[in-house]
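Note that the chains take the letters A, B, C, D and E in the order they are written out, and that residue 1 is the start of every chain.
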Amino acid sequence: MAEPLLKVEHLQKSYGNKRVLEDISFEVDEGSVVVLLGPSGSGKSTLIRCLNGLEVFQSGSIVFNGETVQSSQKNWRRLRQQIGMVFQSYDLFPNMTVMENILLGPMKVQKRKKDEAARQALSLLKEVGMEQYAEAYPRELSGGQKQRVAIVRALELNPRLMLFDEVTASLDPEMVRGVLEIILRLAKENMTMIVVTHEMNFARQIGDKILFLEDGKILEQTPGSQFFARPQTDRAKKFLESMDF
Amino acid sequence: MDWTVIQQSMPIFIKGFWLTLRLSFFGILGAAVAGLLCSFVQYFKVPVLRQIVSAYVELSRNTPLLIQLFFLYYGLPQVGIKFPAEICGIIGLIFLGGSYMAEGFSGGLNGVPKTQVESGLAIGLNQFQLARYIVFPQGLMLSVPAFAANVIFLIKETSIFTVLAIPELTNTALDLIGMYYHTNEYLSLLVLAYAVILIPLSIILTWLEKKVRYGTFGN
Amino acid sequence: GNSSGSSSSSNPSSVSAIKKNGTIKIAVFGDLPPYGWVDKNGNRTGYDVALARQIAKDLNVKVKFVQVNANNRVDALKSNKVDLVLANFTVTPERKQVVDFANPYMKVSIGVVSPKKNPITNVNQLKGKSLIVNKGTTAENYFTSKYKDISLQKYDSKTEQFNALKNGRAAALADDNSYLYAWVKNHPDYTVGIKTLGPNQYIAPAVKKGNQSLLKWVNKEITKLNHNGFFKKDYNENLKPYFGSDITAEDIIITK
Amino acid sequence: MGHSGINIFFEGANFIRLLGGLYVSAKIALLAILFGGVLGIVLGVLRTLHNPLLRMILRLYLEFFRIVPTIVLLFLFYYILPQSFNINFKADTVGTLVFSLWMAAEMSDIVRGALISVPRHQVEAGKAIGLNPFQLYRYILLPQSVHLMIPATINLMTRIIKTTSLLLLISVVDVINVGQQIIEANSHRYQDGAFWVYGFIFILYFILCYPLSRLARRLERRGKVGANG
Amino acid sequence: MAEPLLKVEHLQKSYGNKRVLEDISFEVDEGSVVVLLGPSGSGKSTLIRCLNGLEVFQSGSIVFNGETVQSSQKNWRRLRQQIGMVFQSYDLFPNMTVMENILLGPMKVQKRKKDEAARQALSLLKEVGMEQYAEAYPRELSGGQKQRVAIVRALELNPRLMLFDEVTASLDPEMVRGVLEIILRLAKENMTMIVVTHEMNFARQIGDKILFLEDGKILEQTPGSQFFARPQTDRAKKFLESMDF
């Protein structure tokens, strides 16, 4: 079997004295989708932010595409171009149009030609049904539309791994579906992804592997189908029960 | 530095120090009261008074204290209104500080989230009860940082009282310089004296700010 | 301590430096008629100012006036803000320690002015009352050290002190008698109830301590001006119109 | 009052002279705002960097200017600098210098405050697409925080303008100094000159500062609406 | 049949030129639960706020318990004691303890005795499992706990009608269930309620009548069972579809 795209080994992270992540180890194979589940405060966001160098961690290592990264800042800037991330908060830059938001990375960081980058941007926007909003400002978009643009902005850098942290949590309920469908489509196109979500139906459909976290530890690491049918731990079972009303 | 010079002038500096503190205290107290009244007038949108208050705020905020004092001390007696120097200083400080305090308090009152007001309404409180139990307790706490900044600002402004021949700290230092010419020593002592007042005060106020914020809002 | 680094080589106020610069910076009052003040057209004028102009003329340089208050005259010299002070600067032992005075050009003594309605004619009348003085004047020094039971109000400028007197902020005002004569002429409700107090004193130009070059030059200049009657002329032009008839030139200027 | 004291302004060149004095004050204020503003922006940016030593130094710089009253600063720079360090400037220059440094200190705090109030996730989103620190400031932080800085900066400007009234004390021939010259030179004819001259200067300052503070308030309100809307 | 507890007739509301509620008429029978559904921005919150006098409306009338109310402030203060309301945002007063929050209304508005009011408050707190938090400050509570206290605060005034506006929307997913169960229990105890929610399972269980709003108009007004089985309008059908993933 091929090397996994991402390998996390014994990762530890504290805020001051407070241990937030403890001995986290897992692998993400190229083309697969890992879903992080767990109660609020269990460390899902922290973990995903560590993978992108937005948080420093105290020990452990991350091997991405064969390259080992420590928690020092230097490596990250280059890596981040290969790791796209979309957050819960709508994080488009409000002072730029949709197109400017998307082109900032390719032009300033990857030094690509504007023409070529814009062509890719337009085709991505079309895929998410947003091509007519290229010149709009974020304030003119609904939450769901903003998140679709944020996904495009991340994809435009041609990342090898995408991280999604509860991207639909702040959306109006009717908007959720549109965004999740885009992520599902990416999964079908074999994009490697790590996804944090509270939408259980979605997690069930998309997750090749489920990591269940509690208190900064991985309690379960199970193939998706198996997790929802027969969670191994009582805690995960209780969690799943509380999730559907 | 000539330490004997500093030693000799210590008693007179200490006098100036206490005078600065005393004038600041009354000025700030008066300014806080004036500011509170003005912010209440604005909160309850009292007709007529409200216009007067906003005219006062503009006038006070957009003119220098020095000129306010000159006008009070040298100008007004020429048309028959006369106060002693220290009273002029305190009035000037209240006139200036009142508007700054009013803005600070109003900022706090306006900063109380709309949802708080609405949930007060929803349980049937009237306007007065709303002010008494919800808006004022929270709003005044929100305005503590502005209040702290104003206190420090106003204490510094008392240095301008020197032009009224009030022997507060700055006047004392400038006077000693004029008589004995030990400029370095006296100016250093002056800076030190203000530091002695303001640094502990600013530490206390910052601590108070944190405590109040935690006590009220829990963060 | 104060660095008095005005050794001849680096002295920015030496005669040669001034000549090279083409300007001399002279400290004068701006609110003390008839010595140093600004007329309604904005021109500096007065007895001291005329002397300053003459000195510049004889040095063959332009003059730049720096307006000072009594309490910054010494620091203006010390910090090289000016080359020369011509601001009614009375010679005192304390001041001699911090600046160098040239030959005097005026006589002066402390006087006390008060309202005619409640005239103060004896210092003892001031006990327990307030007296106005200007910070950094000989009057202030005199009353501070000699009369502890008179409470002093210390102002920064001449304008402020005279305004305070007019507003009745104190019983009287003490300053050099020569201004007071001039001032009461314009303010007939007031009188110089005490004409002289303390020792007779002199007013002289001052330079930064150690500025021998300029000091020598000014001394020669004063002697020369004395001989050619400049001060008499200056008196007649600038002071006489402001003084009452009970003052004569000999009361003020020095004719040796 | 015998004849109306207001005529004091029409004696000779008095009125023009007062305006001339105002020009001196305004010029110093303007230069200070300009120099201090630019320096303040730089210092403000530096204060957001994670360099503890730099931060502490700049913080001390700010606190010094916060704690020492402006009068004292003026005297310090006017007298101590030349005597202790052999640096000599004219009074106007000292005024400009002190006000510039003060402006820079306060401005640095405004800039820092505005920069750190840009939501953290904006910075993170920038990092996530690989922007370097300079690009983060250039494209994300500064553009998103200027609208927060502007009202506070305008308010600071009015404070600088108002405080130029203290220049009188270091012998700058500013509007108040000219006013005192006029009061003294005309004191025999206009016994109530102080009332009129100080009253007039009061109004002059008001005319200078009022429009600015109105503008600041309007921008502030618009900023609030913009942020929520 | 008895008079309905609440009758809304031809209610109209605009913000400036923008019409937000148009010709709204419906009735709420004593002891029944009406659920408001509709896409974001359709006017649900505005409607519920009009019923409590928090918004002025331009025309139409509200008949509560036989008494007709216009949009003038006077009547409202008395009515509000009979109409309890809980909002989406946790709106406890941060400067008061849980008990003080609850007692403010009964003591200051209804002038009840402290003893008696406190006894009722404690028994209500016990019902929602919060009795040990009587002396806690809101900052010490989780979101779900705050909302339970907010419900108690409204119930303490012995209202005849309760209004709930998306009270679980800001809660962590695991907290939602506890709050909804309390509202379900109130329904069983025959409390008259109007509920805005995005939890479809909950709406289905609790709604005697469903009002489906769009663009400020009532598109459908149907008994609950019927609405979820066979929505009458296409819009409502589409809405329901988008809601479950």
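A few comments on the model shown:
Following the convention adopted for this analysis, contacts are C-beta pairs under 8 Å (C-beta built on N, C-alpha and C of every residue); 3 or more make two chains touch, one makes a residue touch a chain.
As the structure is a computational prediction, the values presented were derived from the model and not from experiment.
Common neighbours of chain B and chain D, by the contact definition above: C. Between chain C and chain D, the least number of touching-chain steps is 1. Each chain gets a centre from the mean of its Cα atoms; the one farthest from the centre of chain E is C. Set against the C-alpha centre of chain B, every other chain centre is closer than that of A. Between the Cα centres of chain B and chain C there is a gap of 39 Å.
The distance from the centre of chain A to the centre of chain C, with each centre set as the mean of the Cα atoms, comes to 81 Å. The geometric centre of chain C is 84 Å away from that of chain E, both derived from CA atoms.
The distance from the centre of chain A to the centre of chain D, with each centre set as the mean of the Cα atoms, comes to 48 Å. In chain B, 74, 78, 162, 174, 183-184 are the positions where the chain touches two or more neighbouring chains simultaneously. For chain E, residues touching at least two other chains: there are none. Across the assembly, chain D contributes 79, 83-84, 191, 194 as residues in contact with two or more other chains. Pairwise, the chains that make contact are A-D, A-E, B-C, B-D, B-E, C-D.
On the side of chain D, the complex with chain B involves touching residues 1, 66-72, 75-76, 79-80, 83-84, 158, 162-166, 168, 176, 191-192, 194-196, 198-199, 201-202, 205-206, 208-210, 213. Contact residues of chain E toward chain B in the complex are 52-54, 77-78, 80-81, 84-85, 87, 89, 91-95, 104-105, 108-110, 137-140, 150, 153-154, 157. On chain D, the positions that touch chain A within their shared complex are 119, 121-122, 124-132, 135, 139-140, 143-144, 229.
Remark: chain B residues 58-59, 61-68, 70-71, 74-76, 78-79, 152, 156-157, 159-160, 162, 170, 173-174, 183-184, 187, 190-191, 194-195, 198-199, 202 touch chain D in the complex. Every residue of chain E that touches chain A in the complex is listed here, in rising order: 39-40, 172-174, 176-177, 180, 198-199, 201-202, 239, 242-245.
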